[in-house]
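Two complexes are shown next, each including subunit A; its partner changes from subunit B in the first to subunit C in the second.
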Partner chain A sequence: MRNYLARRLLGMIPTLAVISVLVFIIIQLPEGDIVTSTLDRLSATGVDLSDDRIQNLRAQYNLDQPLPIQYLGWIGNFITGDMGFSYLFARPVNELVWERIGYTLLITVCALIFTWVMALPIGIYSAVRQYSIADYSFTTIGLIGLATPNFLIALVLMYLGYSWFGLSFGGLFSPEYLNAPWSWERFTDMLSHLWIPVVVIGTSGMAITMRLMRANLLDELKKPYVTTARAKGVPPLKLLLKYPVRIAINPFISTIGLLLPALISGEAIVGVVLNLPTTGPLLVQALIAQDMYLAGSLIMLLSMLTVVGMLLSDLLLAWVDPRIRYERT
Partner chain B sequence: MSELRELTPGQLAWLKFRRHRLAMIAAGSLIFLYTIAIFCEFISPYTPEQRNSRAINAPPMDVRFFDAEGQFNFRPFVYDLELTINPDTWMREYEEDASTAYPIRFFTRGEPYEFWGLFEAERHLFSVDPNGPGYIHWFGTDSLGRDVFSRVLYGARVSLSIGVVGVGLTLFLGVLLGGFAGYLGGIFDSAVQRMTEVLQSIPTLPLWMALSAALPAAWSPITTYFGVTIILSLFGWTTLARQVRGRFLAMREEDFVVAARLIGANDQRVVFRHMLPSFSSHIITTATLAVPAMILGETALSFLGIGLRAPVVSWGVLLQQAQNYQVIVMTPWLLLPGAFIVVTVIAFNLLGDGLRDAADPYSSLRQQ
Partner chain C sequence: MTDSLLSIRGLSVEFKTELGLVRALSEVSFEVPRNSVTAVVGESGSGKSVTSNAILRLLPDTAQSSGEIELNPQDGEPVIITSLDERDPQMQNLRGGLVSMVFQEPMTALSPVHRIGDQVAEAVLCHRDVSPDVAWAEAAAMLEQVGLADAESKMRMFPFEFSGGMRQRVVIAMALICHPQLLICDEPTTALDVTIQAEILVLIKSLQRKLNNSVLFITHDLGVVAQIADRVVVMYNGQVMEIGSVRQVLKNPQHPYTMHLLSSMPGAATDFREKNKNWSDGAAIGAGTFLVEADAGRKIREFRELSP
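Moving on to the complex of A and B:
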C-alpha cells in the first residue's frame, strides 16, 4: 500500500505541472498585462505615471523577464502560498479565494454524497427489477436530469419555489445571518439553503451513476456463484447485499474521478445562478473583467481539488480492492 | 428457410436500428429540429431583432380553432392582446380580447430577410395579416418586444450547428491522435495517454470559460462562433481518442490486418482501407453521444455571458435574459429555449443508444 501511495503521489506531479502551464498560458491570453490595464484605469481617472514608475511596476511583476522566468516566478509564488493581487477587488487573491473555496468544497462533497445516496439504491433496484415500470421511469428521470443543463434546473426550481411557495431561493444564508459570526443558528440556516444547490448539481451525475450501478450489478447477477448461493437457500436480500452488490460497487468508487470534474464544473455555473458565496461567481467576474491572476489561481485551485479528489478515490479503491494495489502500471 | 437472402452489414444495421423505437422517434425529432434550423428565416414570422413596441413582455398567445362562441374555424386565429397597467405593481398585464381575432395566414409578406445570406426575400411561412394591426407571438415576447418563437428558431441554427461542427473537429482530433497512439505505440502513445489523463482530470467548464473569455471582444460574430467551437472541441477529444486507441491496439493483431501488412500494404493503406472502416460505426456512435456535451457547453458559456454574445442568437444567449428570478417569475416563457435544449440532448442520447446497438448488427443475430 505504501508503494502504491508513493507511486500515485509522484504521478500527480507531472499532471499538476501540465495544468499549471495551461493556466499560465490562460493568464497570458488577454491582450496587455496587469501593468497596462492598471495604467489604463489610472489614466482614465486622470493620473499619468512617469516612465520610471512604470518600469518599477513591470519589474515588480517580473514582466521585464522572458516568459519561462515569468512562469517560474508565478508558480514559485503560487506554491509558497502567494497567489498575487486582484486588481478587480483591490485585495490579495489569497483572501478572496480562501473565504470562498470552503463553500465550494462543501457543496461539491455534499453533491457527490447526494448523487450516491440517490443513485446507488436506484441502480440496485433497477438491476434487480430489470425492465419493470420503475426501472423505465428511473431511467427516464435520469435521462432528463442528464439532458437538462444545471443552471436550467436551478432556474426552474427558483420559478417553482416562488410561484408555489412564495420562496425566494438564492444565497447560502438568510439576510440576517449573512455577516453574522458562526453560531448554531447560522449553521442550521445554511443547511436549509444548502440542499438546493446540492440537489441541482447532484442530479446531473445521477443518470450516469445509476446506469453504471445497474450494468455492473446485472453482470454480477448472472454469475454462477449467485445461482449457487440461491440454490443453497441464502435469503435473497442477504445474498444480494452480501456478494454481488459489494463487488458491483467497486468500480463505483473510481467514478469519483469521473464525477468530480463534472460536479466542480456544475458548481461553477450553479453558483452564479443561485448567487452562492462560492468560487464560481468569483471566477466569472474575474474572467469578464480579465483579472487574470484571480482567474488563473481559481482554475489552478479547482484543478488541484479535482486531482486530489481523484487520488483519494484511487486510494479508496486500492484499499477496498487489493487486486489494484499489486497491479503494475 | 426457403429463401436465402444476403444482407449487407449496412442493411442489417438499418433493420436493427428500426427495431429501436425510441431511437427512431429521436431521429425523427432531430430531423425536424434541424430542418427548422436550416429554414429558420422562412419559418419564423419575424426577424430576431424586430421589435413590437405594443407587445413588450407579452405572454405566449394561444393559437385557436374555436372562437368565444365555441364555433369551429377552419383557419386558426389568435386574439388581440389588451394591455393594462396594474395600478398596484405598475406591471404590464396582458389580457386576451375576444372581440378582435386575427386569422393566421400562410406565406405572408413580412419583414424582409436574407435567406442563407444569399438572396433577399420577404415571405414568411405564417403570420397574421401584415397590413393590419395584429401580431402573433406564439412563445410571447421579451423585454424589448422581440418575438421569442422567431428567436428560438434562429437560436436553433447556432446551437444545433455548433454541436455538429464541434463534434466534427473533435472527431478529427480524436481519430488522428488516438489512431496514431494505437498504431505507432511507443513514446507517442504514452504522450497522448498522459495528455488524455491530464485533460480528463481538469474541470472543463472553468477552462472553457477562461479561454472563451479571452476571445477578443472585437471579433465578428462568425469568428467568435468558430472560436467557441474550437475551444469546446479542444478538450472533448479525449474520450474518443481513448476508444480509437483501444480499438487500434486490439485490431493490430487481427488476422486481416496482419494479412494486409504481409501482402505489403503500407501503413496508410492498412489504417485507412482496413482498420478505420471496421470500426467507423463505433466512431459514429461515439460522435453522436458527444454532440450533447458540445451543445450544453455552448449553452453554459453563452448563459454566463462569456461564450457567444448578442447580437448572435443562440439558445444559451436567449436563456441569459432569464438569469435572475424576478425575470423568471414575471416572464417564465423566456425559459422556453431551455425546453428545446432538453429535447435535443435527450434525442441525441437516445439516437446514440440506438446506433450503438445497430453498430454491431451481428451481435444479436448470433444469439438468436
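Moving on to the complex of A and C:
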C-alpha cells in the first residue's frame, strides 16, 4: 500500500507539469494580452498612451520576453508558492485566491453532501420500488432538475425570495458583515446565505446521481449473493443496506475526484448570478481581462485539486472494495 | 397430517410477463420424508428450481403462487410457509434456520466485498442471540467440518481469493451452520468440474447422515440421483411425472417420460436399452405421445406413486 501511494504521488508530478504547460498555452491562445486589454479600456475613456509608455508597460509585465521564459518564470514562482501579481486587481494573486478558495471548497463540499443525502436515498427507493408511482415521480422531477440550467434556478429563487420575503440572497454575507472580522454572528449570517448556492449547485448533480444509483442498485439486486443472504434469514432492510447498496455505492466514491472540478466550474455562472466570493467569478473576470497570472494560477490550482481528488477517491475505493485493494499488492 | 418433514400440496406458480401469464408449475404435490435425500429431477425449464425457490419464498415479485407448503419440524408446531408474510419474523426464522439453501452458482452466491468468516458467522447471528466471537468460532468449526483446511486464516479472506469448489463448501457451511432440518440444494454441483462435483456430493451425503436432516436435491443429472438420492421426484413441464424410491424409478420406471429421460442418458443408455429392448420402443412411443400431448397443454396421465 505504501509503495502504491508513493507511486501515485510521483506520478502526479509529470501529470501536473503537462497540465501547467497546457494551461499556459491556453491562456496565451486568445489575441492580445493584459496590456492590449488595458489599452482598450483606456482608449474607451479617451486616453491614448504613447508607444514608449506601452513598451514600458510590456517590459514591466515581462511581456517582452519569449514565451518559454515567461512560462518558466511563472511556474518557477508558482512552485515556491508565489503565484504572481494580478494586474486587474493590483494585488498579489495569493491574497485573491486564498480568500476565495476556502469559500469555494465550503460551497462545493456542502453541495456534494446535499446531492448525496438527497439523491442516494431516492435512488435506492426508486430501485426497490421500480416502476411505482413514486419511482416515476422522482424520475420526472429529477429530469426537470437536470434540464433546467442552474443559474435559472438561482434567478428564480432570488426573485421568489425577494418578492415573497423581501430577502436579498446575493452574496454570502449581509452587507453589514461583508468586511467585518469573523464572529459568531458573521458565521450564522453566512449559514443563512449558504443554503441557496448549496441547493442550486447541489440540484444539478441530483438527477444524475439518483438515476445512477437506481441503475446500479437494480443490477446488484439481481445478483445471486442477494438471494443467498435472503435465504440465510437476514432481515429485509439490513440486507438491502449491507449487501446490494454497499456495492452499488462504490462507483460514486470513484467519481468524487471528477465531481470536484465539475462542481467548481458549474459553480462559475451561479457564482456570477448570486455574487458569491468564490473562484468561479474570479476566473471569469481574469480570463476576460487576460490577467494571465491570476487566470493561470487559478486553473492550475483547480487542476491540482482534481488530481488530488482523484487520488483520494481511488484510495477511498480501495478502502471500501477489497477486490481493488488486493489487485494492487 | 402426515409425518413428512415437508409437504407440498397443489403448488402452482405463474409468472407475469409481457406476453401474459406463463405457468411454471401446475398442481405440484410431493412430500419430503425425514432423514432422507429426495431428488427432484427433470430437464431445464421443468420447474425444479421454481419449486425449490417457492419453499423459501425466494421467487421474484412477478410470481403468483397458489397451493400449500407445510413444514413439520421435529420439535415444534407445523408451519404453513405459503401463508406467511414476507416481513413475518417467523419467515426470517425459517430462512437459514429451519430450512436453508445451497445455490447453483458458487462464484456469485457470496458477497464479493465481505469476508468469508463474516458471511458465515452472520447466519449464526441472524438466528441465535450469541456474541460475534462465539459466532465466529462456530463458523470456523463448521468450515473445518465441510473440509476447508486452516479455516481460521481462510475466514479472513474474500470470496474472489477462493476457487469454485472452496466457495461451494463455504455456501454449504453457511447453510448448515444453524442445523436446518431441511437443506435444499439447487444443482449445487452443476457449475463445478467433475472431481469437485464428486467431492461435494460425498460431503452433502455424509453431512446429511451425520446431522440427521433431510435434503431436497435439485438436479438434471440422473447419475447424481443414483449416487445420492433415496427418493426421486421426476418433473416435466411444471408437473410431477413420477415419484418413487430411487431403485424403482431408475430400474423400473412407470411413466413414459421417465423412460425417455433414462434412455436419453449417454453411456448408461446403450446398456440400459440393451437390457430393456421392449421398453425402448415403448419409451419412444410413449415419449412421443407424451410430448404431443404436453404441447396440447393437457395433463398426460395421473402420475402413480408406487413406493411411498
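Here are a few things to note about the model shown:
FYI, the second predicted complex is superposed on the first by the 283 of 329 C-alpha atoms of A that agree within 3 Å, B and C clash if a C-alpha of one lies under 4 Å from a C-alpha of the other, contacts with A are read in each partner's own complex, and residues count from 1 in each chain.
One rule holds for everything that comes next: contacts are C-beta pairs under 8 Å (C-beta built on N, C-alpha and C of every residue); 3 or more make two chains touch, one makes a residue touch a chain.
For clarity, every value in this text was computed on a predicted model and none was experimentally measured.
On the shared subunit subunit A, the superposed partners subunit B and subunit C are arranged side by side without overlap. Residue contacts after overlaying the shared chain place A:Ile26 against subunit B, while subunit C stays out of touching range.
Look at A:Ile13: by the touch rule set out above, it reaches neither subunit B nor subunit C.
By the touch criterion defined above, A:Ile247 reaches subunit C but does not reach subunit B. A simple residue count on subunit A separates subunit B from subunit C, and the partner touching more is B.
By the touch criterion stated above, A:Arg230 is placed in contact with subunit C alone, subunit B being left untouched.
When the two complexes are overlaid on their common chain A, residue A:Pro149 makes contact with subunit B while staying clear of subunit C.
Contacts of A:Asp321 after superposition: subunit C is touched, whereas subunit B is not reached. For the pair subunit B and subunit C, the model built by superposing on chain A gives 8 Å as the shortest CA-CA distance. Put simply, subunit C touches subunit A in their complex at residues 56, 58, 86-87, 92-97, 100-101, 103, 105, 108-115, 122-123, 126-127, 158, 160-161, 171, 174-175. The part of subunit B that touches subunit A in the complex is made up of residues 194-195, 197-198, 200-207, 209-211, 213-214, 216, 292, 296, 299-300, 303-306, 319, 322-323, 325, 328-329, 332, 335, 338, 341-342, 345-346, 349-350. Subunit A contributes residues 14-15, 18-19, 22, 26, 29-31, 143-144, 146-152, 155-156, 158-159, 162-163, 168-170, 257, 260-262, 264-266, 268-269, 272-273, 283-284, 287-288, 290, 295-296, 298-299, 302-303, 306-307, 310 to its touches with subunit B in the complex.
The touching residues of subunit A, counted against subunit C in their complex, run 223-225, 227-236, 243, 246-247, 320-323, 326.
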